[in-house]
Structures are given as C-alpha cells and as structure tokens.
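Written out below as structure tokens is the structure these notes cover.
Chains: A, B and C, in written order; residue numbering restarts at 1 for each.
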C-alpha cells in the first residue's frame, strides 16, 4: 500500500502578519487550516444554497449572529470553536429553527499557534457535523500582537422554522412550567478556574453543547412548547428576567429545585458568587404548558445533553417583580438582573 | 463581611512556606496554614478548617459543632413539648 | 458541604423561629414597639436577605444593619487614593473584587482599569505576593481592606514578603477594627439598640472578650454568631432570651470556629506588623479614634502610603460626601435604607451614590436586591 503524507505548505508554527496579507501565505492558511476541514460547497466567495425546508409554504428563515471571545481559548470541555458552533446552533434551535448553515469568521492575533487553529477548526467541523449543520462560508483576518486576544470567532447561522411553529417568550402564560436541561453554571465555573488567576482547580467541565436535536425531540414530545432561551452570559437569572418582561408574567423559582453541582456550589461559596448568574453554553430554559411538562422532561432526559433536566419553577400572574425565588425556609427573594459582571468578593 | 467557608486539608504542599491544599466540595486551592499549624504540620491533613482569602484561619471543632446542633435539636423537643402542653390546655378549656 | 448543610436545615429553622416568636411574645415586643437588634456584620445582613429571614421573624423584631462592611465604610477619598496609586506607571494594583465598583469622587477602580491602569482582582493577598515575585520590574500594591478577619492575611503576607526581601511589594492599608465604631454607636444619644449579633469571623481572630464592654459598660447583650441561617436564628433567639431575662452578657453561638481568646498566631502577626492609627475616617461615621491600623515602622518598606507619599502620609485630609447621600444616617440606624430620599431615585445599584448601594453587603443594596418588592411597596 502506498500512502502519501501531505506536506504542509505553511512555514513556521505561528501565524504572522503575512498570513493576513492577501497573498499566497493567506491562501495556504485558509485552505489548509479551514476549508480543507470545513469543506464548503463551491469555490466562489459566497455560498450558494438551497433547502427544501425553506421552500415549504409558511416556513420561516431564521438568521442569527454571535461573536465569541473567551480566555483561555481552550478549556476543559471545549474551546472557542465549539462555543462558536454550539452557541449559534443554540440561538437558532431555541427559536424552533432547524439549523442549516453557519458562517465562521476568525480574527487571529499575530503569533497564534497554527496547531491551535487546527485543533479549533477540527472541533468546529466535528461539532457542526454532530449538530447537522454545515459551515459554508468564512473569513480570516490577522491583527498585530495585542490587537485581539489569541483568537476571536464570529459565527452566523441560518435555519428553517417549520410552518406553524411559534416559539417565543410572549407566548408564556401563567401556570406554564419552567424546565432546564441540566445542571447550571458549569461553564462559568470552568472558565473562572481555567483563567488561573484565582488558583482554583476543579474537576468541572464546560457544559458547552449544541441543543438542536434536543429541541426537536422536546417539541415532538411537547408540541405546545411556548418559549425557550439558551442560558449564556448572565445565567438563568438574566434569561428569565428578559423572558418574564417580554411575556408580562412573573417567574417563581424554587431554590431547592435548582440543579447545581456540588463543585459549582463550592466555587460559589469560595468566591461569593450566585450560581444563578453563572454562564452556561449548553443549557436552555423551556416553558411548556403544565400538562406537557412530564413529556418534555422525559424527552430531554433521553438525550445526553438533557440528562440532568429538571423543573425549576413556573410562570405566575405578573407581580411587581419579574423573577423571584423561594428559599428553603419559605422566604422569598428577588432574582434581579445584574448591573455588570459578577465579581468575586471576600465580604 | 469576611466570607469564610469550611474546607478540608488534603495535602501539605510547601512545608517551608506553610502552604497546604484545601478541598471545598471538590474545588481545590492552595491555602496558607500558618494560623492553624501546630507542632506537626502533617497532623493537619484531614482536618476541617475555615478558609478566608486563601488562609486557613481556624480548625473547626467537631464536638462544638455537634453540641450546637444538639442544642438546636433540644430546642425542637422543648418546642414540641410546649405545643403539646398548649394543645392539652386548649382541649381542657374546650371540655 | 459539611458544616454548612446541617446549619441550613429548614425543619430546624422552623423550630427556632417558633421559639423566637414565643420569646418575642414573652418580652411583649410588637411591630410598633419592636426589639431592635443590630447585626454588626455585613455578612449577616447578606444572609438575612438571602434567606428571607427578616420576613420569617415576627414583627416584634427589627434588624438594624450595622457598619460591618469594610467596603461600605470606606471613604471616597481612599478610593481616590487607590486610583492615584493604580494609575502610576509601573504599578500593578491588586484588590479584592468587592472594591472594584465603589465610586470615588472621580472614578471607581473599574473605570480606572478601563482607562488603562493595570488593576488585577485577586482572591488572596498571597496572590499579590506571587505577582510581585513574578514581576520584579513592577511595583505590586495590594489594597488591604477589611476588619480583623482579613488583617492577619495581609500581616502574614507582609511578613512573607519581608522574609523574601520582595522590595516591589507593598500594602495600601485600610484595615479597620470592629469594637471602636460599636462604642461610638453606643455613645450616640439617638441610638436605640437592645442587643447585638456579633461578627463570628472577626471573633475567630480576636475572641469574644473585646466585646465585654458592650455588656459590662452599656448593659447590652451580644451573641457572637456564625453565618448560616440556623446560626443567625439561634443567635437572635439567644439575644432575645437575654433581653427577656434582663441579662446582658457576651455569649458565643459559633463555638465550632470561635475560640474564647481568638487565634494566637493571627493576633501575633497583627501585633507584629500593625499599630493603631490615632484615628481613621469611616464613611458616614467620620473620624473614629484608634479604629484603623497602619503598618509599623519596622515594615515601612511595605507601606504603600509611605512608598507613594499618599493618604495619611500626605498630611491633613478633607473629605466630601456626595450631596444628599444618607449612608451615614442609615449606618447609624437613624434611617432605614428606604427612608433615604435618594433610595431608588438618585441612588440605585446601576448608579450608586453611596457605598451602601455598591457593596452586595451594603444595607441599601441588600434591600434593593433581596427585599426590593417590599422596599418598593414601602416607598409607594
């Protein structure tokens, strides 16, 4: 058997400004690191696409975009590429869209390791395939050292919402049940530890996951699903505050029902943080009519990314405060929007 | 003021600088044990300490903790006894 | 989590609450004529609101939120001095996250960071010492903030830096002590307090005896308390029982952590590195005699005030508080947060006027965050 090993045309181990200069070096970087892995259709500057899902009468095209910056770019349970694919897939999926295509744009800091870019492109390709989307177009730019932090990724996504499907926060009614698909705060806790400046070590991994398949399964099991949001920055607390305001309801949580890993609780105790505000990247909160809650839970739990699904609260007639939680003692407290980022505290 | 949380010392990491690894619900952080170090540093391994800003500030006294919980339990029994007396008195009054 | 979960047991809490209601009744306290208990420590204020304890205790008990939040009592001028140090070339300024958003007269540390100052949030002063080791060409300054609980950590860090001759490490010392402001509050003729819940983690360092004067000279009960909800409730009950029985003594509810005489290593480190300042300014309370610490001459090389000629080292100081800010009156218990004309109007967590709205332990921020519904209703 005669195996030929492909010889890399890329010189050196790191990205230089030449890789952004529009010449051969740039072409080599794009082809070897990205397009050979993503395999977009066609050679033109724009992807030319058709989809039967979009041709159905009454189908809607869903379109979203998101920028990803994270330090460090690789962390336990994922990397910036996985975040960029899953995050944009999730933005489509929680609106009831079936994700179809992604674009991926990379701002690369001069000096970034090419091996790192290869690893990230490989994760993205694998995640996209698992999620059933294709990365069909993209771009790279190289900026001088200090112009960005290693790598920034922007992904845009297009999906199709089947005819008749209407999933939006305004549909939430008092009595609807709020369900999350797993433990809260793993991603936020992972990144805090991975930054290293707090010198904490944990076995926690990011919850980063694409939720397209899970959403489809839950919609099939609970066709009356009202609304869903993925929990990213600001955690469950911020997502619920937005949804409650849009729906004109109050959401009542129960402290005891919140699924949170002991390690995440531990980290929150050490740093004085509230897990309700920690970031997630593979979690969503769904509102379903009470009669369909059990079916929705069962559908979630049948998938690995929904294993830890739990009912966390319910919508009630709007009071003055959008989101409250019941403490274990029967007291209540307000779950407000954060002013800024949650900062570790000693007091 | 003064967030302090219980953690367990799992290993002495730097005897000269009095540093040890502490475990809080599976999260680990190196802490200074100067305030709780007795004669033999290794005796600290396994001890529960109260941690504040990266320092083990006190060894948690297991017996005292048990006593506090016992007092709370006793309070419950006393309360139940009082409730029973009150109910008895009510029943008597109603007769 | 061991030593935490047991002290958060809702069933046990119910029993303590029943006992609290009974003793409150025996005292004859009512919503119109309540027993006023000050929880000195901001951590206790935070726990009261986090667990909704204020709404579970009977109307005959009123919690007055004390001055035990080091961020809340930090004068604006000190924040300005932090910014001034942080903005010097070559400085790495390290702080606990708590101080980042506190407004100075011009800006907060968060804003100074955005303006280009190298400001790092750390978990421990030891992390600042490590930064000094790794950056020999930079001046690493640690913002030493906090009461007796935190003071040993910076004292031990300074001793460590001295042993290693880390000449690029210094501490901007703003450590303060709990007993002097309590005495000042008790001497205030407007003050109507019936008892105190004492800060457990301060006593972990200094023991229970520094509070003896509260019982002996002023006839008020004080119970040193832990921070879990059951700790707090039990301590409140112990204070109430003393009031009912006409007793006044210092009791220790938090004996699992607090030794009667404190921690000898911590106390020795504090005594070695620090000495009392003649007086120190507390936001809202003014200058209080012997209530703050400064670094002793022996460790002068590690004193950022001396190194940068700033703060008390720079001579007499003038301080101004923002107009209309009621932090002082709230801190002395003369006014509830919601009675401040600025509460929820000129002063919210988004646009804090005073420090009590900035720190999550500040009474105003706690009212806003956890008691907001009630606060808004009270305002209506």
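Heads up, the rule we're going with is that a contact is a pair of C-beta atoms (placed from the backbone, for glycine too) under 8 Å apart; a residue touches a chain by one contact, two chains touch by 3 or more.
Treat the numbers as computed from the prediction; the structure is a model and nothing was measured.
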{"item": "Partner chains shared by subunit A and subunit C (touch criterion as defined above)", "value": "B"}
{"item": "Pair of chains with maximal C-beta contact number", "value": "B-C"}
{"item": "Centroid-based (C-alpha) most distant chain relative to subunit C", "value": "A"}
{"item": "Inter-centroid spacing, subunit B versus subunit A (mean Cα positions, whole Å)", "value": "39"}
{"item": "Euclidean distance of C-alpha centroids - subunit B vs subunit C, Å", "value": "22"}
{"item": "Junction residues of subunit A - those touching two or more other chains", "value": "198-200, 262, 265-266, 269-270, 272, 345-347"}
{"item": "Residues of subunit C engaged with two or more neighbouring chains", "value": "1, 4, 42-43, 69-70, 96, 123-124, 127, 146, 150, 361"}
{"item": "Where subunit B touches two or more other chains at once, by residue number", "value": "1-3, 5, 24-25, 29, 52-53"}
{"item": "Complex contact set, residues of subunit A against subunit B", "value": "193, 198-204, 262-263, 265-267, 269-270, 272, 345-347"}
{"item": "Subunit A to subunit C touching residues, read off their complex", "value": "197-200, 262, 265-266, 269-272, 319-321, 324, 327-334, 336, 339-340, 343-347"}
{"item": "Contacting residues of subunit B [partner subunit C, same complex]", "value": "1-6, 8, 17, 24-25, 29, 32, 34-37, 48, 50, 52-55, 57-58, 60-62, 64-65, 67-69, 71-73, 75-76, 78-79, 82-83"}
{"item": "Of subunit C, residues touching subunit A in the complex", "value": "1, 4, 8, 10, 13-14, 42-43, 49-53, 55-56, 69-71, 96-98, 100-101, 110, 120-124, 127, 146, 150, 229, 349-350, 359-361, 368-373, 376-377"}
{"item": "Residue ranges of subunit C in contact with subunit B within the complex", "value": "1-4, 6-7, 12, 15-16, 18-19, 22, 41-43, 68-70, 96, 123-127, 146-147, 149-150, 152-153, 156, 160, 199, 201-202, 204-205, 227, 230-231, 234, 237, 253, 255-259, 263, 265-266, 269, 361"}
